[in-house]
Every structure is written in C-alpha cells, then in structure tokens.
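Take a look at this one; I'll ask things after.
The letters A, B, C and D name the chains in turn, as written, and every chain counts its residues from 1.
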C-alpha cells in the first residue's frame, strides 16, 4: 500500500515535467573549438533514440565547452539535480577522466561514445563504465599493425606533447615491428609543421605515422602535401573523419587511416544509418556520429531487457551487447571495452565529396592491452 | 532609485546565504554547487582585486596563482591517496588530504612564487605589465600540459574531496559553508587591509607614485607585498576550486581564466570590496542561464559584457549606487 | 658660520647636447630661505629633481647635514629629511585631505607595514596629520576629497604633507603658482615663519614673494648659477640684469 | 644535423616571423596611435581567413579570396572602430581589455553561427603549390617563399607609408602627441578609423595567407593573437620597427627551439625524456625570451622610455 502511494505521488510529480521513465544525461562539446565532434555524437545518438520510437526516454543535453571544470560541474548537476540514470557524451579523454570516475562511483552508468583513456580500461575500470567506441590506443595499434602488413620498416612518428599524444606513439610502437627514424613531440595546438616536415624530409623514413586531432591534422596534411615530401602517411581516423576531410581537400587523397567504422561497411544497420543520417541532417555521417548512434542503440537494447534501477540486470544487459552495430560484430571484453575489427581506409573523392573507402582489415577482433589489469 | 553601497553589500551576503539554504530545502543540490563556484571565483577575484583595484596594476596572468593553488592541492592529495612519497629534493613527504594544511601550503607556494615573479614583472607598468603577467601564466600553462607525472593535459583527478575535521566535504552544502566562511574571512581581512596604513599607502601609490616616494615610502615594496598577498589569496581560491571539482588541469592556468577573473571584477565594480563577489554571482548566473537558452550563448555574454563596459562604468555596484567609484 | 644643512657640489646633467645643469654648487644654511630664480628652461626643475632623487646627475654630489646622499633613492632622501613640494600638485586626488596628510605621517612615522588597525583611527598618525593641516589652515576641509579642493587649497595641502615629515630642509617648487594676490600673501606669511623650523630652498616665479622672503637668491641661467647674494645685491647686479632681467628692467 | 636542414629551419622561422609581423604591425600601430589594447585583433585574422575560404570556395580564385579577406577584415575593423572602439580611447586599459574580450566572444560564436562548427577549406593556388629547389639543393615550398616575400613587401610598404606619405606624418604625429594632430587640422576620428581598418586589413591578409596552409576554423585567431602580443611587447609597443625585429625573433626562437632543444637535451639524457622535456621547454621558450627582454629593457627593444 505504501509503495503504491509513493508511486502515485511520484507519478503526479512527474506529470508536471515529462512522462519519462529513463533519464539520460549527455555532456558533450557543442560550442567553441572541437564542437563538430560533439555535435556529431549528439546527432547520431538522437537519431537512434528517435528511430527507436520510445517516448519514455528523456535526454538532457549540456555543453561542456571542452572545459574540464565545466564538465565536472555539469556532471554534478546531472547526478544531483537531474538525477539521471545513465550518462554519456564526453568527447575528450581529459574531460572523461575528470567526470567518469566520480559519476560511476555514485552508481550512475556511463557509456563512452568517444574517449577511452587507458586508466579507465586498466586499473581504473568500473563495472558501471562501458566504452562503446574504442580504447584510445586501438586505432594507433591498428596503424602499427597495418604498417607491418605493408612492409614499412622505418617510420617517423609524431604526436602532440600531451598524454593522449604520448599514448598514441606508445600504441603505434606496441605492434609495429620496424625501426624508428624519428620520434617527435609537437606542441599542443601547433598550427605550423614546417619544422617537423623538414625533419621528416631529412630523416630517410619510409613511412610517417602521426596523431594530430582536429585543426592540427588539417594544417599538417595541407603543409605536408605542399612540401613535396612523398613518404606515405598513415594515421588514426581522427584526422580523416568526415567532418574535417572537406577542409583538408586534395591533400588527404590516398592517405591510409585506421578506423573501426566506415560508411561502406556492408551490413543493413550501417546502410540504413548512413541513409537516414544523411536524410535527417543533410551531411554524411562521421565516425563520431556512428559512435553516438551505436551508443544509443546499445542503451536501447539494454533497456528492452532491464530497467536501470535494477543495476545488476541492466549491467548484464549492457554487457551482452545485443544490438545491431553499424560496425557489424561488436562485443565487450572483460573490462567493458569493445572487441572489434579495425579497418584500414583510404581517402577518396566521390564526386565533390572527400570520403573514405575500406581497403583492408588492420586488426581482426582486437581487444585492448589493458584488460588484464582490470579487476572488476 | 539610488541605494547605499553597504546595503548592496549586505544584500549580496544575505543572498549568498539564502540561496543555498533555499536550494537545500527544495533539494536542488546543483544550485549549491553553482553558488560554491561563484563563491570560489569571487575569492580568486578578491585576491586579484588587491593588485588590480588597490594597486592599479592589471595582472592578466592571475590564473597562474589559481593554477598553482589547484596543483598544490592536486599533488598533495594525489600522493596522500596513492600512498606515494612526494620527493621535494630537500625532504620527502607523504602528501596530505587535510584541507587546512593544503590551504596553507597553497598560499605559501603562491606567495613565494608571487614574490619571485613580482621582483621581475613589477619593474614594468601599464600594457607591459599586462603582457608580462600573461607571459608568465602561459609559461606555467605549457609546463603543466607537458608535466606527464601529474597528468599533463589530462589533468589530475582526486575522486574524493579532502577532509575537514567534523564535516563531510562531499555534501554540497557543507563544502559550500567552508568556502563561504573563507570568503567572508578574506573579505573582512581585506576590509581591514584597505583602511590600514598599508592600504592607504597602496591606494595613494596607484594615484601618484611620486607622492608616495616623496614621503619616504618605497612604491616597489608596496607593490611587491600587494602582489604577494594577491597571489596567495588567488592561490587559496585555486585550491578550493580544485577541491570543488575534485580535479585539476592546465586550463586553470589558461589566459581565458585570467580574463574571466578580470571580467568578474569589472562586472561588479573595480576597487570595491564586494565588486568581485557581485561580479562572480552575476557571471555564474549568466553562464548557467544563457547556456541553457542557446548554443550560441557566448554572443549574448559578449554583448552583455560590452554593454557593461560602455554604459555601466563602475560596474553593477556603480550602477546601483550612482557612483562610478574608484577607476583604474 | 655653521655648516650648511643642504649642499650640492658641482652638479652636472646633460640631455644629449643640451646641458641642463652645469656645475651647480649651492647651499642652504640653517634658518634661511634660499631662492633660486631664472627664466623658463633655465634648469630649475632639473636641479630640484637631482636634489630630490628623481634624476641622477652625470657628476657631482648632494649632501644633507654633511652626509652624502647622492646614491640615495627618492624615498631614502625623504626619510633622511628632505621635504619636497611640487609645482603641479602630486596628491592622491580620489582621497580625502586628511588621508593625504596621513600618508605623510605614515612616511614620517613607523612606515606602511601595518595591516590591521585603520590608519584614520591611529591617533599617532591623525594627530600629526591634523596638526599639519591646522598650520596651513585646512582643518575645515579635512574630510573633503582632494579633487574637490580649489587650486589654492591644493597648494596648501602640498605644503601640509611635507610638514608632516618634519623635514630637515624644505625644497619647494613654486608654492605660489596660481595662488592669486591674496593667496600669495598668506603663503608668504606662512613660509616666513617656517624658516626657523627648517631652511627652505625656494624655486619661485613670483618676484614679489622672492624679494620679500629670500635671505639669499641664486640666479640660474642656462644651467649655470651666474650670481648668488642678498636681495638687494641681486637687484643691483649688472650680470643679472643683463642675463636675466634684460630689457624688462 | 645537416646544414641543409638548419637553413630550411631558418627559412621556416623567417616565414613564421613575417606572418606574425603582419598581425603585430596592426596591433602595434593601433596601440601607438590610439593607445588601445585590441584583444579582438585575432578575430580579424579569423574573419580574413573565413572570407578568403568562402570566396575561394565560390569563385575558385585565390587572388579574389585575398582581396575578399582584405576587404572583409578592413570593413569589420572599421565598423568595430566606429561602433565600439571609438568610445574606449579615453577609457582605462582595463575597460579596453574587457570590451575587446567581449568582442572575441561575439566574433567567434558569430562566425560559428554563420559558417558552422566544422573547419573550412582553403587551398594554396596551383601556381604556387609544390616545392622549388633552392641553391644548395634545398627543397622548399614555393608558397612559403611567397609568404616570406609578401611579408617583407608589406613591411617595406608600411615603412614607406609611414616615412614618406602624408598619412604617415599624421600617424607619427599621433604617436608622439595626440593633441598635435588636431592642431594640424587633421580629422582625428577619420584618421583613427583609417588606422584601425589598416591594422585589421593586415590581420585579415595574414589570416587568409596562413589559412591556405593551416586549418580555417573558429578560434584560430587567439593563439596567434597571444604570439603577436609577445612580439610587440618584445619590440616595444608602438614601434613598427620593433614589431618587425620582434616578429623575426619570436618566429626563429619558436621554430629553432622546437627543433634543436630536444637535440640538445639528448646530449645529457635518454632520447624519450629528451623529446618530452625538450619540447616542453621549447613551448615555453618565447615566453622566456619575452621575460628576459622585459627584465633587461622594461619597455621592449624599441619602446619609448617610460
């Protein structure tokens, strides 16, 4: 009786706001530099929610401005005031590190649509934390594996001097078996790579691996193409994503990059996703959009089975990952990070639009290197 | 209607007590977090206002001390939580999670840095001072980004707040109380300082350094001490801010943050005791409400700031009291 | 004759080709008013600045009470006993009259390293400040903002601030400037009585005041002292007439 | 390390320096004549780049893109001067900092509102793309050589403008004595608008030129702005000559520091650590340079003595 009474009161209270049963908090970057990534994740995520036809899911979206302190406060707001059941959305590793540990510690589920810092995959893993994108090292490892497969033996490697950059070079070196002709850390936010390109030219390398997210990658590729150096370049998908390829232009043509997703992966889910995304938003979906889309579908699949208030059941439902991923096969490893195939893609031009085409598999059913350290 | 400045001040303090209490009753803990953020930013700006408002020197690099305070807290707590030793060359310590100790260390480190940096930067004035303070903050910013041991760009998470005897600091209202009491204490000390012989001399120094010299005082020493006090208070605020977020990162050193601290002061009113407090409350409120309205809220924030500079000289306090007040 | 309170020896200062102060040696004896006159651009301000420490001379020295203060900073010279007033008022315009006088008292007293007690409630400071204000006749204006004072009152406050320092010697740069006939008369009377307290090095354009007050007059032309003597001697001096008073005489 | 590499890096530093000069010249001119600190100068750089990208996208002509960048930045500058900046000439530095800080917010988000959140495309014109071989066998991009040439030409042009023309006389008079230009019978407010628009146009030009080899995106102006401030502070605020010397110093320090510091560190530590600490120090090097210059000369190399 008391329980029933409580339920009616709660229902009466909720009626004034919205008739939702599941509340999802999304903190992502929607303004300032890097907003493109957050917008893609949001759009992909919301597309899946809309397609599910469920009107009992409420998504609260907030803009973190790519500032860690803002993200932390928004997460406090999500947990304390909005009382969300599940959180998602963060793009950047440093923001994730600031937010995720305390959020999952408070009993909220967190599904990462983009960032996968190594700490959260290894010792710092948590039963309520699921990564739907990749562990940060994955695409770099794939690049190293690809370099082996095409016989590169002397790579010049380069990344900004910050933790994700240092991880990128470590990730590449983990599987790459050749020698290094140079290893350079650039400044974060650097826009001119003339000095590095000169070093590459002088290094005698047979391949260049770089990790330069966002505008840094655009600048590097344009300058590299103009420098006349013709050593082949490989990199993770971040610098060749749909959102920025148009700004790189011809300079990116033919470059091989590694990604767990591409719009030409042949499965019905993906084909439908690419088509509906384009219809809805008038642009081709990016890697980030696919990750947002997958995250939402994973979530919905778990909601079909269990309610988030029943933590253990819901967690098991998430772990099962019974959803149709745009990537095809998708499953979670013991540390709740994906086990998935990573492809090598090449940048091509389709009509007026620059995009990617899969040219091969870099790593099959690949898990991350930190799972062993995770005690869950 | 014109009101007296002290009434405005009293109203602000009452508001700052009432809002979190109201939030507590209506169970809106996030409002308390917002109020705490405002209080801490206000504290940092009160520190900046000593050198900027009283001393007339526009420091565009005060985020440096904010960041130093934050990192002091982060490093001490990190070593305490991981049971590792912090080797300082001369001696090694185990870090600490005890707030009062962290505060003292943050203030001392900030003060020592302010002294050393002040010796150099206070030789310049005007625009050069603005720019050289900016340069020092940028140096620390880039250093923090590449300081891998403490997280570099990723920053350093400490997961739980540090301890204060008798309180559970993770409860928003209790942490708010700590910050609020510190702010009141610092405001009280600042009020004393403002009227003390030192405050009077510093105030005169801003208006005419020549006069201060000809009565036998040393303007450089006055400025240096003001800079040290200013840095120490902002450092303390940095330590609290890091505790609020349970997280430090290089963005605490960023020039945008230095700019925001200046913005807070100007919104409230330069050289006024409560100027930074009012400025911080308004700024946090704007940030919160505008960002809820539109994705492009920075445009509106910019327009509002522009309006304040062009049409409300003397800040909000100046607008309310009808006096422009001290202007640098 | 006793030693001079203040003495400069062979002060030289040039700005590029322009020699602003050329080998100037003057002294100020106890109880006297020593006026320095000269046409505009003669180097009077440059000379005062070298005495008070705002400018470094190229060569030469300044001594106060027999002690060489050439290497002292402006502040140190003030603490050693130089009380200066400015041609254009150097006052904290946003502050009250009393606060400006208290600033002097802070400099004269224990210094600014006190952070707790309100300066305006520290009796030692306010007594000293109010005494100085009373002497120049500004007691009634003590709570006014300096920005709201009349020009003449600011001149008085300039003098009052230097009084709070109880200096060994006054250096006054045109205290009569812009005072009007009535004001000049009051100021002349006041300075007349002040010389027994500490001697005054007076730079002044108001010739009536100079001839009424000065025990000795030095004439500075193109950075050189061309004559020093009693008022009547200067008035009679042919050199001075030619070089300075010229046609006007 | 070969001498070819060293020369190439010096060229890179030079190229970076002259582009910084385009930014710094406008800033220092505006400060010298009007006494204004313009934090929004970086926004004008961004406007130039976006205008160029938009026009290049529509017409395919790089030349038209450059013209568009100049015009757009100059017009934006003139409008900002007339609407906002004009009210700030007699204001405290503090108000100027705040108002122009507000302008950055408005410009950045406004640009994002118009052009979206994704970077725009702007490419090097075909005629200038690819490397050329310099004497000594150095392969160097033609476009970068062009940038160096344009930068030097603009420096020369500015020098002629200021030393040899009527407007130059007015500008110099304004730097020395603001009342004086009024006495000369010059329309001050027109002169101010003109100088501001000129400074803005230089920033816009730099944005367009650099945009072709970098990423045209919102927020691209702020890092350059801070560097330009470092430049004019080193050179002495208000001095065009100082801005030129300062820009080259900063360009060379930044480029050569980034390359050689890690190499130097490798002499006494292992390679990985040397890379990290060397590049960490390199990122601080220009600020160290600025600190040292200001401690040595508190008003910069060519600044008026305070």
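Convention: a contact is a pair of C-beta atoms (placed from the backbone, for glycine too) under 8 Å apart; a residue touches a chain by one contact, two chains touch by 3 or more.
Keep in mind that this is a model prediction, so the values were computed, not measured.
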| item | value |
| --- | --- |
| Chain pair with the higher count of C-beta pairs in contact (B-D, A-B) | B-D |
| Far-end chain from chain B, centres as C-alpha averages | C |
| Central chain of the complex, centres being mean CA coordinates | B |
| Averaged-CA centre spacing for the pair chain D and chain A, given as whole angstrom | 35 |
| Centre distance in Å when chain B and chain D are each reduced to the mean of their C-alpha atoms | 32 |
| Whole-Å gap separating chain A and chain C, where each centre is the average of the chain's CA atoms | 75 |
| Of all residues in chain B, the ones touching two or more other chains | 142, 145-146, 148, 296-298 |
| Residue list for chain C, restricted to those that touch at least two other chains | none |
| Per-residue overlap in chain A, given as positions that touch at least 2 other chains | 31-32, 161, 166, 187 |
| Complete list of chain pairs which touch one another | A-B, A-D, B-C, B-D |
| Chain A partner contacts - residues on chain D that touch it in the complex | 1-2, 4-5, 8-9, 12, 15-16, 108-109, 112, 117-121, 123-124, 129-131, 139, 141, 143-144, 210, 212-220, 223-224, 255, 258-259, 262, 271-272, 275-276, 279-280, 282-283 |
| Chain D-touching residues of chain A, taken from the complex the two chains share | 31-33, 35-36, 39, 161, 166, 183-187, 189, 191-192, 194-195, 198-199, 201-202, 214-216, 218-219, 222-223, 226-228, 243-244, 246-251 |
| Chain B - residues contacting chain A, complex | 28-31, 33-34, 37, 142, 145-146, 148, 151-155, 157, 159, 172, 241, 245-247, 249, 251-252, 291, 295-298 |
| Residues of chain B defined as touching chain C within the complex | 192-193, 195-204, 207-208, 210-219, 222, 225, 326 |
| Chain D-facing residues of chain B, complex | 52, 58, 60, 120-121, 123-128, 130-132, 134-136, 138-139, 142-143, 145-148, 255, 259, 262-263, 266, 270, 296-299, 301-306, 308-310, 313, 327-328 |
